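Next, two complexes with subunit A in common: one pairs it with subunit B, the other with subunit C.
What follows is the complex of A and B.
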């Protein structure tokens, strides 16, 4: 770390400390004193600069986010987010509950369009193509992005039909192709051996872990450019979680993954890069080992070591 | 540690923490009265439903059971031969007693006992029929006036195609006016031999008259209308008209020949039947010859074993379910009404379910939720509270008179001034009931749509599906059981509705079914139809022979309930099959 970088990193930290002053510390007592003034600065809405590790600049981006703001009605949920998801790597989003991780993730494939009250500002792009814009075809865009939700949501149809759903809606009828895609996707999701004999039976009869891997198979069947995972393991037991983690490990390289997780071990195990968010702002973003072992901000360290909250 | 241990008993004893006095709590806090209230209400509901069903079952099932035939001789000289259909008791007025001949009055007075505390006397309602001789179907007789009562072994109850039943004793069997058998036993035997063939011939020529001749007539009518429409559009005497006239003449020629041929066959069958007759003696010893073909069924009620009674019972039920009505609907079957009810309900379901589902889809999936949508929703719900007769008035005014008349003007102008669609018919009736049941379907479908988890919608959108693809592939299959519930409710409501039908096409006697597989285009949606609900109303309140109609009211009610139950059960069965797919989800 050079002197200049250090300064740049510490600046907002110190500014927050100075700005917050002794008054804030005495008012909110113990916690605030312990985690320091940066969080307080954020909660008071003072301007603040995200800390982006320079190593990331060299990685080829697949999703780029530029000055992104999002409002639910009149409450702002995302503040001036700027970062990029590198290609072929796993990027983890961490942060306390309600900090806007899901909101950010859902902004990438424009799932927030379904909520009437949402309004946005700023720009995002997928492999150089704008995501927000008047001329963007949302349906086509979503076909390039796969998403897996916190709770497994298989469709009320057979396992086979679930996997090839994205091909069905494209009107693909070629039986051979459908079978091939189904097998490849299920193999990719590590589910093939468990379900290959009952592809025609209902997907709802699978266990929770199998359902979640089925959802991943469904997402990768469309060969998306980026895969969004919103806490994919939160409804699963440790064994199923392990399987899904192994799977994400395997997807690395082939797919670019942006995942939300509350589990620090999981983030440190499977991700290449980690972004830490707080109250709608991106606080620190860098290679996972750096974020976990040598974060630039004391607040990040507090959070990843569990000393916060 | 020590601190905490010593603290807890302290707390329990503190005044604020003391257990409150239970005895002062309110009655509802105990819960027991509510159990009684709710349970009692349920019991009341069940009792009312069971009572209604029990009455309908008891009365409806008994109608076709063959009753014993009794011969009663009264002190006033009347002789009644027939079945006792009901009993009641009354206390005769003094003025009535005074108007009777003295010996009869004495009999009644004796039966009443002490004049200061008169006992009611029993009277019997005897179904003695033989309308052409007596001018009445039923007769009351006071029990004390009955001087002799017997059950003649050979008494027969004849169900005839017209003029009601006939009660009497078989005397002789006649062929061409000549007595060929005499005495009840021989006559009965001969009757059993001849009757089925006669009956078959009768049904055959009736079918020829009704269906084959009907088709010929319809064809002739069609040709005439075509000629008329050519005359209207091209002018009489024009080349096109002359051409059409030539064709018409040829067609008429063919039809005349066909009609003559059919008529010949009918006459032949009629002639073969005319020879046979049954000579019967009534209770008061008058003899009547009854043509054999007029007898639908002869029941020697007093000789029947249980198996024989069951046979008669079954045969009457079969006739009821499969035959046309006769005797102003109070006898015979209700097949046209069953058919009309089912067809109308089917048409209604075919119209209301797609319409309601599509409307609900728009309301729930497409429309932006807000004031206007809430307003529409409230309006739809209120539609369910509009009296059904109002729908009938609307159907008559809008469907029959406005839409129907326009159709007539554009497509059936040759038939005017006779309306084709501009009057009540099964299509308009189904549409009216579809409108009536629309709120049910919309509300049920909206509920079903709301029950589809949002996560499924999001999953589908995230795969790049459009709204319609999501609806068709995810939401509708998932909502199907709920939509079926709506359809079931609509069917139950629609099949039992009568009031609006009286205005838009249900009639007491429809000459033809709305479906005729022998004639293009097979389904005639403009025809009026018979409906079980209307049939019940007509039997119960419009019938001349109301005593004979009463048991039929119950039986028809029973049948209507059975049909509604059957429709519901089949819909529930389909829904259960659909649900099986989603069972694992719960």
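What follows is the complex of A and C.
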């Protein structure tokens, strides 16, 4: 337990300090000297090329991102991101806090449309269909993508209704089908045994960890093509985290998963590919074992080994 | 921890005195403010209760005082308003005036010389009196208690040292020094006109009179059984200015010695009704409004018990209600009333009340001149005071030797009773007998009403008018105003709030919100006056268009939505921003235009026999069209639900693989079909209801009055929409963004998200918004005052007016006499209003908490 705890506590903490200290990075010489020249280049806005491992080219993509930029008002949060999420695999997004992981994830199902000030450039596609485009029906798009948020967000209704929400909005009334989907999804999320006797009670009465697994169950009940997970385990205890990791392991093959995590161990354990982001840029992207064991860039190595900051 | 830089002082670990002082001050101020608010509200409440409570106090009767006098059954008695003296007209023709403090005889005179009147009639509310004599003549006179200020020279010297407030018997009256220092004498005066022949020389045995604006009316019964009505005629000689009076009479009953003669006679109202009452309870009722051609209205038996004999008969003030007492103690009241259902119905007598039975024969009856109180004296000595309208007993007194004659003091603050040898007098305070819980909140059979009714009518031009203080019509008006205002305002405000918070871009949202909130700053008096002077006449002119637009606007909005889906290609998605908003805005004028086109011609001719206002007033047309119109929304709802449960699942299964355009066409087709189905359903329901004899006219709709609930609904909508909108919008925007994202992220449409997630979550806030709007509508005064017509009627008819509690208080408070029943009843109206809003707010808070608890853990 202590292993994981330590990882979880220390890394985000350090990352946060680094993120908050953006200004310091650019201004005080000794910090940049310590972590090397690439980060300095990024923070100064000098052009630089993401390092993409060639092994990825052979994998069939489900989500393709091409030259994607995103602005919150006039501040740019994503810079020229180009990468693809391979089909049937788990892709992890890592990087210090505030580097744009959530923003990138939310761009995939156009959740950023809800924020008025957002403007974008570049393109994304889901199984070949454009995601951004004037004639894309966002509702239909989102039905193909499932999302689990950083903070658990169960709806104020019963556990059962939460799980089958996507079926309800599609107008499914077949009781048997609903029950079946509910059970399968809850089992998939490792929550079935805990809640099977109180499916009709309010989802808000669940603990934070249970709520998060409920949200995962809700997401997989819709059988999406891509599952987006934004730090799904940040509110969970190690046992629940283990369950979710097992779940992600099980989803491999059937679902394509794009997940954000601050837990290096988790990334190395469950993901097939890992992308490292820094200040809105994709720094290095490759198979997980390569990124963790033999990264191309020293900066990536510093980050994944915890020497960063 | 890192070393502190030398420049930064260490953080203090104790809270500074300043912070503590501010904290304490803030706490005190807030506590005081809170307590002050609670106190202020409680004080208002207590004040209202304090003003209202006397209404329900029971009357207080002072100790009875006995004066030994020598008395017989008199022709009449009276008392002055300060309880100084009492007069008595004896059967032997003597008028005796007595001091009420000592019982001393002040004056004894014989105004008729040697003659003794055989009958007499006195007004309860005036000075006019009529006396009948043994030779068949009558004399009209004025008997009054007058106060004069005698010339001090003429007064005896011992009166000079009379203290202020002290009284002295002098000169046939009572002298008193006024606070201003003058000497004032109260005395009785009687002036008489010359005898007038009635047309028969048989002795007059009973007489009654009524003073009408056009002259004096008389009914006289003579010993030979002749019963006549007469009218006094005054002729003025042009040269001398001399007035000659005569009586013109016509006969109701001819002289007939054989027959039983009536025991009592009476003339009702302002000389429209004549009554004769026989001892066995037979009552004959004539129409004498055309006095020269009297006509029998009816003849009825007013005493149920065949063995009982009539013992006493009197009119209640105003001379409409008759009170009849019998020798078994029974007491009933009657008045003429027309049947409102029947056209040109005759005013026939109805029995208003049966009063509790007394313990012996009724011997004396007398009515108060000020109100509908009357007193009944029983042989046993019991005296009961009743409220004639409500039929309730007010007070009970005991006169040891029975009362031969009774009289209320002019200010209704005393009662005198004359027995065989004694005069009794009581100081009484009847308080507010006309306002008990029944009178205020239940149906009351007021004079002239065949059935008990809820009535509010506090004043009238009539003199002998009885205030009718039933609060129900006002409470009803308040509820009606609130209902119709909320019917228009609430859905509009909630839908607008949903639209702006869920479907509009944030930029547009803030500007729309401030625009709507600006609406709230319109003073309600301006709204009321625009409603009354501009909207009301306008709506009356274009009523068919307005009514039709209630149907065409929703149809246009929905139809527009379906058309939008049918846009070719992906335009529906691409134009989702400003173009769609513009299109939505265009549906409103489209609906109005459609209403203008079809309303006055097609709809009015088809459904309302070509004349909507004529149809509404029930003059023409069958009720089918109206039913169709009213039931259409309901039918549309039924069709929508039916299609959602029966048709939609099947279609969905089949259309799963269809293209978007094909589905849109199908949906559009379904809409048109559904509309037709709703029409058909409403038509069928209308036909059935019509053939079953039901008609919407007279309940929900009816005769059109220019200022009505529809107008108030419009105007009040302006007042409550901004409040509800603004609060509901806040509640909706406060829904955590992660819930909205979760739902949208799962592929729900914004509408599905709104219905399934946002509204349930924001329910407590939306409910509060509605309740605050409701509270505003309940208490709103100016708009209803100006636009509601202020007729206190109880009808749900949307095209008729009403009067609310608040408007009534505003209208009548300035003219209510302080401390009067009316005044206190207005305070009671305020209290009821207060109670209504209080209950409303409490229920609202409870419901809100219930909703709140469901979502609290988020």
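Just so we're on the same page, the second predicted complex is superposed on the first by the 281 of 309 C-alpha atoms of A that agree within 3 Å, B and C clash if a C-alpha of one lies under 4 Å from a C-alpha of the other, contacts with A are read in each partner's own complex, and residues count from 1 in each chain.
Note that a residue touches a chain if its C-beta (ideal position, glycine included) is under 8 Å from a C-beta of that chain, and two chains touch if they have at least 3 such contacts.
Here the structure is a predicted model, which is why all the values come from computation and not from measurement.
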item: Partner chain(s) touched by A:173 [first = subunit B, second = subunit C, both, neither]; value: second
item: Subunit B versus subunit C as contact partner of A:222, first or second or both or neither; value: both
item: Touching partner for A:69 - first (subunit B), second (subunit C), both, neither; value: neither
item: First (subunit B), second (subunit C), both or neither touched by A:143; value: both
item: Partner chain in contact with A:135 - subunit B first, subunit C second, else both or neither; value: second
item: Touched partner set for A:82, first subunit B, second subunit C, both or neither; value: neither
item: Partner chain in contact with A:114 - subunit B first, subunit C second, else both or neither; value: both
item: Residues of subunit A that lie at the interface with subunit B and also at the interface with subunit C; value: 109, 111, 114, 116, 139-140, 142-143, 145-147, 149, 151, 153, 155-157, 165-166, 168-169, 202, 204-205, 215, 218-219, 222
item: Parts of subunit A lying in touch with subunit B, wherever the complex brings them together; value: 109, 111, 114, 116, 139-143, 145-147, 149, 151, 153, 155-157, 165-166, 168-169, 202, 204-205, 215, 218-219, 222
item: Residues of subunit B defined as touching subunit A within the complex; value: 368, 453, 455-466, 469, 473-474, 477-478, 581-582, 584-585
item: Residues of subunit A defined as touching subunit C within the complex; value: 109, 111, 114, 116, 134-137, 139-140, 142-147, 149, 151, 153, 155-157, 165-166, 168-171, 173, 202, 204-205, 215, 218-219, 222
item: List of subunit C residues in touch with subunit A within their complex; value: 505-507, 569-570, 573-574, 648-649, 652, 736-749, 752, 756-757, 760-761, 854-855, 857-858
